[in-house]
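Common to both upcoming complexes is subunit A, partnered first by subunit B, then by subunit C.
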Partner chain A sequence: MSNTGTEDTGTMKHPAHKVCWSCKGPVEASALFCDTCNAIQAPGQLDHFKRFGLERSFVVDIDGVEATYLKQQQKLHPDRFASKSPREQALSSQQAASLNEAFETLKNPVARAHYMLRLAGVEPEGGGGHTVNDPELLMEAMEMREALDDADNRMTVDAMIKDTRKQARACENDLADAFAKDAFDTAKKLTTRLRYLMKMTEEARAKKSRLAAA
Partner chain B sequence: MALLQIHEPGETPLPHEDERQIAVGIDLGTTNSVVAISRDETPEVLRDKSGGNAIVPSVVYYGEDTPVVGEAARDHINTDASRVVSSVKRLMGRGIEDVKSLAGTLPYDVEVPEKSDDDSAGPMMVRLNVGNRVLTPVEVSADILRALRTRAEESLDQPVEKAVITVPAYFDDGARTATKDAATLAGIEVLRLVNEPTAAALAYGLDNGAEGLYAVYDLGGGTFDISLLKMQKGVFQVKATGGDAALGGDDFDHAIAEHLLALRKDGGATDALDASDAKRLLKTARKVKEGLTDSDAVDVAVDLNGSETSHSVTRSDFEAMIAKLVSRTTAITEQVLDDADVLPEDVKGVVLVGGSTRVPAVRKAVADLFEQEPLSNIDPDEVVALGAALQAEALTGGSDNLLLDVTPLSLGLETMGGIVEKVIDRNTPIPVAKGQEFTTYQDGQSAMMIHVVQGEREMVDQCRSLARFALTGIPSMAAGAARIRVQFNVDADGLLTVSAREETTGVEQEVAVKPTYGINEVDMANMLRDSMVHAREDMLMRLLTEARVEAKRNILAVQAAMDADRALLTPEDDKNINNAIANLEAAMGGDDRDVINDAAEALENASRPFAESRMDSRIRQALTGQNVDAVN
Partner chain C sequence: MAYSEKLIDHYENPRNVGSMDKNETFVGTGLVGAPACGDVMKLQIKVTPEGIIEDAKFKTFGCGSAIASSSLITEWVKGKSLDEAGSIKNSQIAAELALPPVKIHCSILAEDAIKAAISDYKTKNGQGEVEAAE
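Moving on to the complex of A and B:
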């Protein structure tokens, strides 16, 4: 289902063209390098999935994406342009930054879900002044936080981390289903839940190191 | 063949061009510094003239004449201690608030400058009173770098103007910028600032062809760093990093010094120490520490205020003194492992860096935590410089290896109520560009204060303040109507630039985050001019080189286009373009930048009709709707 190959999906019949800044000739809008003069191009408005040659889906083969990411960084990173002109250095920095952003977004399930919601025109909860409107989830989070406050040894905290992780994994599976069905309202709710679960795991970890340091 | 030669300006006219390409790796340490060079991916440290020591103590003596750096400066501690500056790295990019936390640990007089009139400035850097001079940490570091540069030039017998300089991964933006400024003062162009642990891993990785997850535990004189790196297919990816910019072997020395004072007090002595006593005592303490690496006990004589006492310090005494310090490093290590979601047993190897990892108690703590013996087959004092040299070679000569580094600390903005809104989380891969939108909270608000901070805490006053600037000229709008986009850019050196823009009108402000040194910009510019006699020539030279690089690229690009679409090239265009290329190549052989740029522009004009017909042709192909790949 997921194609982790290169940029070229082979399905584009009418690739959009722009002018290459270097040889002034035509270059495909999404190309990283000009196929005529080999000059690095500015990153276009490519969506994060397309950048890795993927269809839009919540299920992502992270290892495959990482392999593509590393292969592309080998070509685009500013270290490869240290002796090139300032313009090429600047473009390389932009390309590497866009690639980093795409990889970081796809790698992190919450970021990926937020991104997919926004692509679908749905504003995720919790960011940009939106408040979370899910009393059940808020109650659950409060209970978890209390339990964490009461925990006084690493074993208890470890068990809590394990439990929230299990719940997070289940939540990710549900999210994949919801996105596959374009059920964005459900996906939005599940995304908020996943974000809470991740936050709890983080807080539990912080508590664990505090207990370790004490 | 003749054409090919012209295609490589690096090999053509300038006799110095090749020599200028020499780039060294510099480990600018708190206690010791090392410079190294790599050729054919084989790095070696550069030793003093007698071929002996690779280490240059990061100590500067400010006598009446030119500053003395290294071992020779250290010798002055016994005679003229108040003019000897050491551990200055601890003060790089540091301001008032840091000095409080470092109070008492610094063996010299630190002065906090008055707040400047310029309120937009970031935190003010401290100054040192040394003899009759007032110095910034940047100037002292520049003196050390100058000494390293001289060593490299003497050893390699050619000018050295480029370097990769290492910094602790945990260094914040101010300290990184200060390091780069120090290099500029010393006449060194920084190709890249590389994190010390990353450099160390590079040195080990190339030697061993390692794949997998590695930890680098770096305990130097004044800083502690722990980094997790994943190595695969020639890419070194920093997964997570953490540390303490004020924890190191110097603290071990202090612990021993205090212990010795306590022993003397028990013996009835009352010591009132002045700065030079303190320095001598610390020197003694360091000898004790070093002795305890191989011996179980060290006998030591302490001579202060005319009374000499003898003491014995055992290794277990020492280990008790430093137990708290060592466990602070292991606690930070566990936090970093947690950050990366990694268990100690997932780590394939542990690399030790920094002289303080010679302390047996430190080695044992690391071995216990990771349940394995750490790697230490490369000298821990040299490994960082060796890695930096490899990276310097990779940047100037190309390489199959790539370093992917991360931001060590979160970057954010102050929002209502002094709360930090994080824009870039720590351990985000760099370079990174991220924006966030804010709005106005009052009707008709015409300006917005942008306060950039760095750190992990939630409140602004618990984070480091990096810069403050105002976005002004926001047109009158209702509260909440303006859309102000604040953009953070962190480059491959880990340096931050922040810009703010009101989207509906396009009003924009930008600042490069720079520490201030308690001296104004004019003084800084003078300092730069004084120290770099050839500054202007250097800059003109750089612009000329840039013009040549750009011209070369231009020619190659046009020639590639001619090869690709020869069918579209009219005989007239062909002739015009070739003439323009010949003119540009001739201009590149000269050293007038304007002539080169004019010739480059002429080439662009000559090739315009050809470029346009290529563009038209491609668009026609696309419009016919057939598979473009097949036509190509």
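Moving on to the complex of A and C:
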């Protein structure tokens, strides 16, 4: 057994627990504060789901996650640590950074899918500037963008946004199925498709604003 | 970060924008995407019976660097043989346009697009050997 330091994320007796750096007592891995001595804890190596007390799944109750996020963010506000030791100030900002990263990842379906693929040891498409040449997917993307280019009024663009949103939701449902079955190859392809659908939505919204301003 | 004049010129006045009939045997079509940014690029070449690219067209939905990269490569490949065109490296495009490091992938997209177009043409016309296509 090696115990390399007080900030060891620890595998003492229970993997879900670590050692509090301050009182040396056991503390839950996902806890922000020690429930014995109340000291702020290091963020540790929790995955983004565990940080919010969730099972690893593509289906996430985002409203619930956001509520937890806001509550925890308040507890980690720098003002609350202004009179604490430098170590506690540093830990609180580390916790805040981990919390932000976890929230941003879970909130965005493409980021969430990328994260889940990487957790499973699968590299998402497009990393490191790589290109894809899936003709069906790219044809669809090309046609959507051409249609958007040709659209000359807000109603048409609005209809496109609605339609794309609908397709994105269907794609997210398919992704949830694929992840539930550990079908990572399918999930990888669906993630790329979702990325293109999201891009189309962004571009359509931008075009709508331009048309509104004209 | 200031973009180079060449890049801005290609972005503001893109050359060879358009489409060809992808069903024609003398047309090769390359369709590639960069999922990291949601870009999609279509590059088409029209090849003579002698295996020379006589025309090239592109359509790119992406950032300015992706548009400039595809515009530049369509200019470069015209008049070249398939092998010459296929040996263009993304680093040459990046250097010509002085692409910033974060935009290097746009030049990769253009290189992959021309390669895909050549490969499509060769597949249509019998693996590698360029035959006299009508």
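As a working rule, the second predicted complex is superposed on the first by the 181 of 214 C-alpha atoms of A that agree within 3 Å, B and C clash if a C-alpha of one lies under 4 Å from a C-alpha of the other, contacts with A are read in each partner's own complex, and residues count from 1 in each chain.
Convention: contacts are C-beta pairs under 8 Å (C-beta built on N, C-alpha and C of every residue); 3 or more make two chains touch, one makes a residue touch a chain.
A quick note: this is a predicted structure, and the numbers were derived from the prediction, not measured.
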With both complexes superposed on chain A, which partner does A:L211 reach: first (subunit B), second (subunit C), both or neither?
neither
Classify the contacts of A:S85 with the two partner chains as first (subunit B alone), second (subunit C alone), both, or neither.
first
Given the touch rule stated above, what does A:A96 touch, subunit B (first), subunit C (second), both, or neither?
first
Among the partners subunit B and subunit C, which is in contact with a greater number of residues of subunit A?
B
I'd like to know which partner A:V59 touches here: subunit B for first, subunit C for second, both or neither.
neither
Name the contact category of A:A39: first (subunit B only), second (subunit C only), both, or neither.
first
Go through the superposed model and pick first if A:Q74 touches only subunit B, second if only subunit C, both, or neither.
first
Using the superposition on chain A described above, determine whether A:E104 touches subunit B (first), subunit C (second), both, or neither.
first
As the complex stands, subunit A meets subunit B at residues 13-15, 17, 19-20, 22-26, 34-39, 70, 73-74, 77-80, 82-88, 93-94, 96-98, 100-101, 103-104, 128, 205, 208-209, 212-213
Write out the stretch or stretches of subunit C touching subunit A in their complex.
31-38, 40, 42, 59, 61, 104-105, 108-109, 112, 116
Note which residues of subunit A are touching subunit C in the complex, please.
124-127, 129-135, 137-139, 141-142, 145-146, 149, 192, 195-196, 198-200, 202-203
Of all residues in subunit B, those that touch subunit A in their complex
191-192, 232-235, 237, 331, 334-335, 338, 394-396, 402-404, 428-434, 437, 489, 491-492, 546, 549-550, 553-554, 556-558, 560-561, 564-565, 604, 607-608, 611, 614-615, 617-619, 622, 625, 627-628
